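Consider the two complexes below, in which subunit A is the common component and subunit B and subunit C are the respective partners.
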Partner chain A sequence: MKWKFKQHSVLPGFGMTLGVALTYLGLIVLLPLSLLVWNTSSLSWSEFLKVVCSAQIVASYKLTFGASFLAAVVNAVFGFIAAWTLTRYRFPGKKLLDAIVDMPFAMPTAVSGIALTTIYAPNGWIGYWFAKAGMKIAYTPIGVFIALTFIGLPFVVRTLQPSLDDLDKEIEEAAESLGATKWQTFWRVILPSVLPALATGFTLAFARALGEYGSVVFISGNLPMKTEITALLIYTKLEQFDYAGATAISVVMLGASFVLMLIINMTQWYARKGKK
Partner chain B sequence: MSIEVINITKRFGHFTAIDNVSLKIPDGELVALLGPSGSGKTTLLRIIAGLEEFEPGHDADILFHGQSVVGNRVAERRVGFVFQHYALFRHQSVFENIAFGLRVRRGKNRVSRAAIRERVTELIHLIQLDGLEKRYPDQLSGGQRQRVALARALAIEPKFLLLDEPFGALDARVRQNLRRWLRRLHDEIKLTSLFVTHDQEEALELADRVIVMNQGRIEQEGTPVDVFHHPKNAFVMDFLGNVNLFHGRVVAGQIVFDSAHATREGEEVPLFVRPHEIELSADNPDDTGFPATIRRVQLAGAFAKIELVDGSGKEIYVEMSHEKFRRRPFDVEDSVFVVPTQSVVFHEDYVI
Partner chain C sequence: MNKKFQMTTLILVAAIGFPFVVSCTPKNGDADSAEGTPKVVKNVSLLNVSYDPTRELYVEFNDAFVKHYQKETGVNVDVKMSHGGSGKQARAVIDGAAADVVTLALAYDIDVIAEKAQLFPADWQKRLPDNSTPYTSTIVFLVRKGNPKKIATWDDLVKPGIQVITPNPKTSGGARWNYLAAWGHILKNELGGDLKKVNDPKFADAVKAAEEKAKEHLVALFKNVPVLDTGARGSTMTFVQREIGDVLLAWENEAVLAIKEFGTEKFDIVVPPISILAEPPVTVVDKVADKNGTREVAEAYLKFLYSKEGQEIAAKHFYRPRDKEIAAKYAGNFKEVELFSIDDVFGGWQKAQKLHFSDGGIFDQIYQPK
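Up next is the complex of A and B:
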């Protein structure tokens, strides 16, 4: 296909809207980010490597990416079930449940962090029973994982809902009339149909978890090499007036996140393109 | 195989969609379920497929080839169901769509890859879509999608084919072609088929037998010729083609037409006359006609269509062959006599 820069449309304003979109993105997103890179450049290459590859920081990368990924996976599964329940069934209190889904969006993250810590600490409601069974949740990587799951859930549910709403009931009936079991209908028909939305929800939840700070710092306990997330280390460096060090770690996080998002989006793009 | 529906009732809340319906579809026939929207025809089709439950009753039953299938799941009934909006799987190619019913078979019913390929290729050839097996539903026209839906249903070698408004979403020309193609296909494979339609022309042209439904009940069933020429009641007559309603009165055992005011002596009788069973003449020799004025003459089409108004403002529709019209042409504003040549009387109240 030949690339057409200007597409004809009844509504005028392609040039203007593109201009506004680019300026807006530039000011709000790209300008601060480029300053980040600019600041880092005050470090020499070897200094930069020394900062970003120190053992403590590498441990934080592992925790942040690992816990974020796991949290996003868990959210993809349970978020799917929640979205399914909310779109498919009618039950008393449905509206209320629907509203509760947004709570992690709306609550100040520090508040959720303190609330989660209170519940999962060894003397908290839930933590008490786990402590009795010899398991610690708060102040361990499990706590970090729980906090990241909490803040990521709405992303999956909210991106899936419209997609599930659009799913024609006839499609399921057709699959069944062709002899598919409920399970086969789910795997072969429903899941592939909403996979793009699920992937988007997963990506958003994952991205959000990577940058999360407020809700994690309380429940994690911030033990060096064990439960420190990268965002916390950046903050610590800032407090020590090590701006160059802080921005160096940020640049690594930013680069890694961007590459991951790009890969996820590209796979989706290819998957969709294959069908057109 | 035959389908038998016995005393089936279906209610949605307080609304009775199917009201104690019984019917039998003989082996190998192509049968139309004809009725206006809301007459319960689609619900009945879905009940036969097992997609909808019916009200339990001690004598209510559905038999396939003499065996009750009540309690069997949709998947177990092995019916080919073609949905009104096709319900194709958008993320799957034409090939995969058709193969679906074979791929989901497990255990001893499992179909080998080679057998699937062979069967699907055969079906794609049958629906004349050779070369398009890699396309996705979004890349097909309406008629092509419809045929894919049909092939997908046929792939499981169903006992019957049930089609819900199979041509409803297509434009007129495609519809006509697909209709003839479906009839030829049926003559070839002889699969007992039931299709739902609200288009009387479609039902009369395509089906071996027509079942006319209204308000959850069966009004009449029979061959197309039967239901068209011998309608049992006013609803069937009206639904199967335009009719003019006249008032007549009985005079000395004979019905005499009366254009508008039937308040004279004798019993008043509603008379139904089809547009092609009316003569127009300049004079009124046997005193059997009544006067009317021509309002519109429409000559494009297979027939000449003439619209008239009588003295009371009632509209009358007349159809005649072009040949007949040429022999005695009429013009707008002409005053003529309307002479019904055939009419039907139903002893019941029915309002058109």
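Up next is the complex of A and C:
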């Protein structure tokens, strides 16, 4: 594909739209983020490393990235099923179900966190039965995982829905009439065409989970080395008036998230390119 | 059919939403009529930035102060409150929240405002009587009804099988008092009951050994903590509503409030034989008050905390009053307990903060893997 600067479209030319887009992005996203990096520069390199590599903080990276990744994977699977159900079938209460999917978007995260804790605490509706079986959910990494799954679900469902809508039923029928088994139809026909959307949904859910604070701190129990998420440690540093330390951890989170997003987007890009 | 459905939804939403909008809109009429009165009333607004458990105290105190000040000077004061974790509140003031007065959980947080934002002199704590602390409090134990685990002293908290609820000292002012109270108790035990030895160079070795012991004790204590909330109210909720833990370390007034709120049939208060004298100090934020022209009223506000009336309100809300007379009158509210101060045992907040709660300090070491 050749680069083309002049394209006919309803919006005024490339130069102007790019200018607006860059200014907007710069003001809304890049300016605050660069301040973050600026703030960190008050630390020397060795101080920076000492802050971001301390055992307690490394433990929190593991928990945050691990639980976020797991939650995004689970959401990718179950979000797919939910999106499939909502686009392929008609049933009473469908509109309502569709609206409920958005709830985690709309709720203040602290409210979700308290609600989840109430249910999963050892004296809560669900937590009680698990406690009886000798298993704890709230105040363990499992609780963190549950909160992150909760907030991530709508991202997967909402990105998958339009792409599933676009998928003609005829293609499935064609596959079947050409002798594909059900499994083959799903694996070779349906999945590849929604994979880009699924990957986007996964990325969004994952990214959101990495930065989540409100819904997690209530259910996690916040024990150092065990159930502290990185966002909480940033808050803790701020609470101790250690602005530089807080921004140092943020910079690491930011860098790691950016690299991860880039990798996922690149794979997606290659996948799309390979298909064409 | 679809159109009709949309229409119905719209009407429904409007019907539900309208009363909210109406009831949430401030009634301008009232303000106008007040302005129309012949007597010219001067209005002053005052912002008090405080910490979490003082909500109930300042509701009543502000009412009394407004009446008092109106009578004395004819000026109408509108006191606005802001509550939150003490450290977070201090940060808000540093970042520019226009607090005329701050009433925080510990002197360290106010020190930081003086140091980072220079809104008032560093020796602010000498400006008002009693370390600028009109009322004090202490740390007590809230236990389940009948005290089934027989928790009586700080030593009981480290026994295996006891679950202790406290917030994280790094994020909660109250939790720092909890931690230091436990530390002081152990020091006292190890030093043969005499805390004065801490500052006596003759006993330096003994003090060192005692501190090692105290550290061991706190490691054991925090092993018994299943949930570390970020603030005092969070911990109270964990203990009271989630029913987690055998004992909650809490501000005396917070413990009493929990009992009042959730019923005496569920909890008991255990006052340990020794605890820390918690001093939540107050000060005028000079630069803000001067800019707002509120210095006079801000100073009167804090002075009123020391008055008989102010002291009585504090006592009613289970803050220990400084005034001897009021203290005697409300003696029934407060159990006798031996109290040590942070200055006596820890050499002040700056030192305590650095040694115990800074990064890599003793509290951090508790959680480091060996």
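The rule is simple: the second predicted complex is superposed on the first by the 264 of 276 C-alpha atoms of A that agree within 3 Å, B and C clash if a C-alpha of one lies under 4 Å from a C-alpha of the other, contacts with A are read in each partner's own complex, and residues count from 1 in each chain.
Here is the rule we go by: a contact is a pair of C-beta atoms (placed from the backbone, for glycine too) under 8 Å apart; a residue touches a chain by one contact, two chains touch by 3 or more.
This is a predicted model, so every value here is computed, not measured.
Asks: Are subunit B and subunit C a fit on subunit A, or do they clash, once the structures share the same frame?
Replies: When both complexes are placed onto subunit A, subunit B and subunit C end up side by side without any clash.
Asks: How many degrees, to the nearest 10, separate the directions from subunit A's C-alpha centre towards those of subunit B and subunit C?
Replies: 150
Asks: For A:98, is the partner it touches subunit B (first), subunit C (second), both, or none of the two (neither)?
Replies: neither
Asks: Looking at A:47 after the superposition, I want to know if it touches subunit B, subunit C, both of them or none. Which is it: first, second, both, neither?
Replies: neither
Asks: Does subunit B (first) or subunit C (second) touch A:221, or do both, or does neither?
Replies: In the superposed model, A:221 contacts subunit C only, not subunit B.
Asks: Identify which of subunit B and subunit C touches the larger number of residues of subunit A.
Replies: Of subunit B and subunit C, more residues of subunit A lie in contact with C.
Asks: Just checking: does A:193 make contact with subunit B only, subunit C only, both, or neither of them? Give me first, second, both or neither.
Replies: Touch status of A:193: first partner only.
Asks: Touching A:55, do we find subunit B (first), subunit C (second), both, or neither?
Replies: A:55: touches subunit C, not subunit B.
Asks: Just to confirm the geometry: in the superposition, how small does the C-alpha gap between subunit B and subunit C get, in angstrom?
Replies: The answer is 19 Å, the least C-alpha separation in the overlay.
Asks: Give every residue of subunit A touching subunit C within the complex, in rising order.
Replies: For this pair, the touching residues of subunit A are 51, 54-56, 117-118, 121-124, 138-139, 217-218, 221-225, 232, 235-236, 238-242, 245.
Asks: In the complex formed with subunit A, which residues of subunit B make contact?
Replies: 49, 51, 73-75, 78-81, 83, 85, 87-92, 100-101, 103-105, 136, 138-139, 152-153, 155-156
Asks: Per the contact definition, I'd like the list of subunit A residues that touch subunit B in the complex.
Replies: Within the complex, subunit A contacts subunit B at residues 168, 170-171, 173-181, 184, 188-189, 192-193, 195, 275-276.
Asks: Quick one: in the complex, what on subunit C touches subunit A?
Replies: Those residues of subunit C that touch subunit A are 85, 87-88, 90-91, 94, 112, 116, 168, 170-171, 225-230, 234, 241-244, 357-359, 364, 367-369.
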